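Report on one structure; see the data block that follows.
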Amino acid sequence: MSDELRADGRTPAQLRPVTIERGWSKQAEGSALISFGDTRVLCTASFTNGVPRWMAGQGKGWVTAEYSMLPRATNDRSDREAVKGRIGGRTHEISRLIGRSLRAVVDFKALGENTIVLDCDVLQADGGTRTASITGAYVALADALVWGRERGFIGKKAQPLKDSVSAISVGIVRGEPMLDLAYVEDSRAETDMNVVVTGSGKFIEVQGTAEGEPFDREELNALLDLALLGNLELADIQRTVLAVGAEG
Amino acid sequence: MSDELRADGRTPAQLRPVTIERGWSKQAEGSALISFGDTRVLCTASFTNGVPRWMAGQGKGWVTAEYSMLPRATNDRSDREAVKGRIGGRTHEISRLIGRSLRAVVDFKALGENTIVLDCDVLQADGGTRTASITGAYVALADALVWGRERGFIGKKAQPLKDSVSAISVGIVRGEPMLDLAYVEDSRAETDMNVVVTGSGKFIEVQGTAEGEPFDREELNALLDLALLGNLELADIQRTVLAVGAEG
Amino acid sequence: MSDELRADGRTPAQLRPVTIERGWSKQAEGSALISFGDTRVLCTASFTNGVPRWMAGQGKGWVTAEYSMLPRATNDRSDREAVKGRIGGRTHEISRLIGRSLRAVVDFKALGENTIVLDCDVLQADGGTRTASITGAYVALADALVWGRERGFIGKKAQPLKDSVSAISVGIVRGEPMLDLAYVEDSRAETDMNVVVTGSGKFIEVQGTAEGEPFDREELNALLDLALLGNLELADIQRTVLAVGAEG
Amino acid sequence: MSDELRADGRTPAQLRPVTIERGWSKQAEGSALISFGDTRVLCTASFTNGVPRWMAGQGKGWVTAEYSMLPRATNDRSDREAVKGRIGGRTHEISRLIGRSLRAVVDFKALGENTIVLDCDVLQADGGTRTASITGAYVALADALVWGRERGFIGKKAQPLKDSVSAISVGIVRGEPMLDLAYVEDSRAETDMNVVVTGSGKFIEVQGTAEGEPFDREELNALLDLALLGNLELADIQRTVLAVGAEG
Amino acid sequence: MSDELRADGRTPAQLRPVTIERGWSKQAEGSALISFGDTRVLCTASFTNGVPRWMAGQGKGWVTAEYSMLPRATNDRSDREAVKGRIGGRTHEISRLIGRSLRAVVDFKALGENTIVLDCDVLQADGGTRTASITGAYVALADALVWGRERGFIGKKAQPLKDSVSAISVGIVRGEPMLDLAYVEDSRAETDMNVVVTGSGKFIEVQGTAEGEPFDREELNALLDLALLGNLELADIQRTVLAVGAEG
Amino acid sequence: MSDELRADGRTPAQLRPVTIERGWSKQAEGSALISFGDTRVLCTASFTNGVPRWMAGQGKGWVTAEYSMLPRATNDRSDREAVKGRIGGRTHEISRLIGRSLRAVVDFKALGENTIVLDCDVLQADGGTRTASITGAYVALADALVWGRERGFIGKKAQPLKDSVSAISVGIVRGEPMLDLAYVEDSRAETDMNVVVTGSGKFIEVQGTAEGEPFDREELNALLDLALLGNLELADIQRTVLAVGAEG
């Protein structure tokens, strides 16, 4: 891997500065304002005791997610989906990805008949909004589960979280595999991949797309290597953020 | 007016702490994250050179606004309007109010054929989201106009702003007129009024509603007095915030 | 106040001719075809025994309203909202205003678990459609309540109406406060205000908007004076219309 | 045909009282408030000089129609289609029928590049709303064409109307063919047919439906005979109504 | 009737080649891929035990239908209605026609509390898609009823089908009545009529429209004669197709 | 890899029978009815000379795709998206995937200013509908390009296709990697992956999802190996099908 710096001075295998403001919202049962560089996403977790009617009586819970972007999160203002009256394909796709990713680390029996809705609202976008959403939503989810346990909605010994989960993008830019693409990099990437990984290093989701040239097996492997490294770092950051006050 | 303190310790004529983070967004031409206590609204101003086709060729600009609330801005999560596929009456009404209020202080000839869209997204709601939106949107608008002038889209000597504008809520709670109602006060108010005022103390909009008992002329006058005082303070805060870097 | 006549020969403080055809519809439990000059609104009240599920079991009723304009009520034909697939902001806003205004004079305990829907359909528009709607809807509502009492859905001694309600527009046209603006006046008004008042002269709603120049306290007071006078007259007309057959 | 009277005392071959208030609307270029008994439809014709872009330059005009029912036109209130966000199949079907029927008597070359929109809004419904709509829309259309000619949008010698058009329902009720079904009859009819006929007695549209038992050729013929008679009467009424002031 | 051949070599009273592939779909309880010449419609019948809540407890079933066209069934691709977000008037109208036509031959008491949905999806369109849909849907319906009887949802001796049903188009092309119009003929027809007939030769629906000149009684009679003949043939084909395996 | 047979008797690395009926539709410029076992998708390619306005003047073409399922393609009938008035997330996601996959093998400069819309309508679904769609759409696209060249819309020497493209699903079922999952296998798979590959064996898209347990690097590699083999076979089939008549 080359050591040449990127536009923002990073090496190819370097994450942008990651910050997680846990408990940003006073209203939600769990919340996190996460930044991957200039990308900022407000993740809230809404805990409801009970499940949708079609799931009732099975002793299992449910987790779902919604993703959205403020109209001026991007450099050019886009129309609100509420104004257009329909949700676009991209929004749907990312909402589903976030939901699947978080559900993969939840034990629904242990969660009991409770529902958690994760809202990921992009306040500012500079690439990697879906990966930041997944990574931040995990922190919000963890806090909402603590909230639910404290109020007796979740059993004292139940372990609803089987693992942690984070996500990062990787891509091939000018022939070189790179970690955590910022918007300018993403728009020039030949291949773009989002990789969702558990804290223990297993894959939940691998989504790679050739934007320009198709990619070969070797390139795929190099990207997966990078993504595993990046997610290792993110899992560490999540652990550190969640450790605060956990003993109390 | 009684001196009895309110739930948050304020006197009847006291505003909640107001903060305005100017330039919060890197993407927008103007932006402000405004707080009225726990109410937090991200206001962005998007400047576009040119006007909608039906206005072209008249040498005049246009200003419009959109208001929205994140689903978990409130204590109970509400469905996204984009998911429901339609914008609710309340959202429409507030968007229109913000637009009218800001247009009232803009000289469209001086603005020239430029369009500014003000997006007010409520990140956290605790009463007064529409008044915070108007007050914050003015700051975002002012900065977007500076941006437009610097790039030559607005004439050097043009004065697109005729005045400043701010807004505050007032209401009668347990028989007593109060300024800047927080959510718990608002939900118990017998009468609720939103008053939009220029920096020079004239009315742009007066919207008073009897939620419980109808109100008489005397009560109306007391509420208007309070609202004028509150807006005087807000105009001062706006002036202070906008003074920073204005000389440079 | 000047004595100069207006386009239609009225003095500034004069209402247009008001007519109310009570019981216009054979189908509705209450109805009124109301005219403010050339503005004509068909108001119907639909009485349903029972309330929406979320209100059941509280012994209280509900009143709601919907406003709409026929596509060719105006001088230029506008597209139907049903065809556009969404209700516009203005329609929403007025529907909500009518609903709030009528609810303000209803005692929901006395109404019992009954629901009344007020439909205000503008057949011809010449300014003041929302004020005519409120004024006419009151007559339709009163008749629907009589209907409900006759069928035993409302208790014999229950008094669901706490007061009457009417509404009128006022505005400043060429510097002069005027009552009940016709369309040509409304479109030129610097300030436009709709005032909803009970029969006993208290305010239910005050909505004043500066269309051109902001207005000061003195102008606001002059407009409120006019509006109170106009509503006094409307309350008289409503009383007269409803007196017919009331003894029988 | 039996001489037994119907619920409202009519003979099988008798129309309900038909009234046409021509020029009911001050705003529209042509208008008629038509009644077939208790069925009342407000028909307006909106004349626009010019045609939709896809028709421009061919020297031909266009006529289109929209049908709608006020929510409380019927005995039970139905939801507004604008509120539901979509137009129902029945509304679409009738709008298309009205449009086709009126276009069948218009010479588009003679009309020139002008567009006429016919709005038929049912204020009160008691069966036969679509046939009343067609019959009333013809009167509104005729007046709009006069308006267009007077303003020079239609050539002085052009004859845009090739014929008149009216419509009536017929049906088999308890085995007997009947003309102009009221709602109670319509809901019990075994067969229901709407027949649109020109003033010269030719068919524009025949729509017969077996609601209960299928019908045979003989019954079909009896219904067509009745319908032709009914339309003859309607054509007379239209002629009389339109004669007023035509010489002037 | 002239013996002159049509574009595809048919005589005026000749159907296009009709084929019915019964049981085309492995998933549906009944299905038929029907062709009228190049028009191909996939008809499926979905059998559900039970009825919508508003019908429950009456011991009666229900049959409904939905019609749709693939976007490239026609010569020019049309937008999908799902993408446009609303179903067009034509689609609604045809879906309703198919539903009414099939219901006319069903005895809902004998069907019992079961629901059948008929989906008619046009894979390729060359005129007559609605008549092919009705004719094919009957075959799918018949098979779904067999399926329901075999599983005990329909009583052993119950006869839910009172008759068979088929449909054909007729029209006047260059002055001559013709059977089963292909697209090129349909688009030039002066009069276009769809006739739905039972196997025993009675009318369920007659829908005739003058596209060009209005038509007289004689032409109407000639068209009905042709349509009855065509439907006689279709009923034969249906009978033959359904006879296969019926004994087994 | 185990040699144990699957429910349908296949070995883990065996495709279901694949058939491609080229030119199924008479209307479309290119078409293919493709089957992967009981999964049947009708793919049509609509060729339009010209591009959307925002692309005009750049000398480049565009390819887009829409995917949909007939309501009774599946074992239980699902509501039509056109009836629901909105396209679901899954449909959006697959439409976008098909579009991206096909665009990856097109040289837009060589295509010239032409637009091709690929419609993939699932007539019968038994797993693998998106992979069958991509594989069949390629054949339809190839034929549409021949059509465009024959009519001179594409240059004689232009090579708009850079490669072929096909897709196949792979998954881990009861611990074992398997190729081309049928519906019953897919619904039990722990991991599900769709792999889009060029004829020359490079990746265009890799989408792997852990439905149950997260998967490790070794499992990922085994799945990719299988997918490459399956796509090699599909590319052969495409080549054979397209060879017919290609010399003529």
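Just so it is clear, A, B, C, D, E and F label the chains in written order, and each chain counts residues from 1 on its own.
Keep this in mind: contacts are C-beta pairs under 8 Å (C-beta built on N, C-alpha and C of every residue); 3 or more make two chains touch, one makes a residue touch a chain.
Note that the coordinates shown come from a computational prediction; the quantities given were computed from them, not determined experimentally.
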Chains adjacent to chain A and to chain E under the stated definition are F
Steps needed, at minimum, to go from chain B to chain E via contacts: 3
Most remote chain w.r.t. Chain E, using mean C-alpha positions, is B
Could you please state the distance in Å, as a whole number, between where the Cα atoms of chain A are centred and where those of chain F are centred? 29
Note: chain D sits from chain A at a C-alpha centroid distance in Å of 60
The distance between the C-alpha centres of chain E and chain F, rounded to whole Å, is 33
Could you check chain E for residues that touch two or more other chains and list them? 85-87
Give every residue of chain F touching chain E within the complex, in rising order. 25-28, 31, 38, 42, 44, 46, 48, 66, 68, 70-75, 77, 80-87, 91, 117, 119, 121, 123-126
Give the list of chain A residues in touch with chain F in this complex. 86-90, 92-93, 95-96, 100, 104, 163, 193, 198, 200, 202-210, 213-217, 220, 224
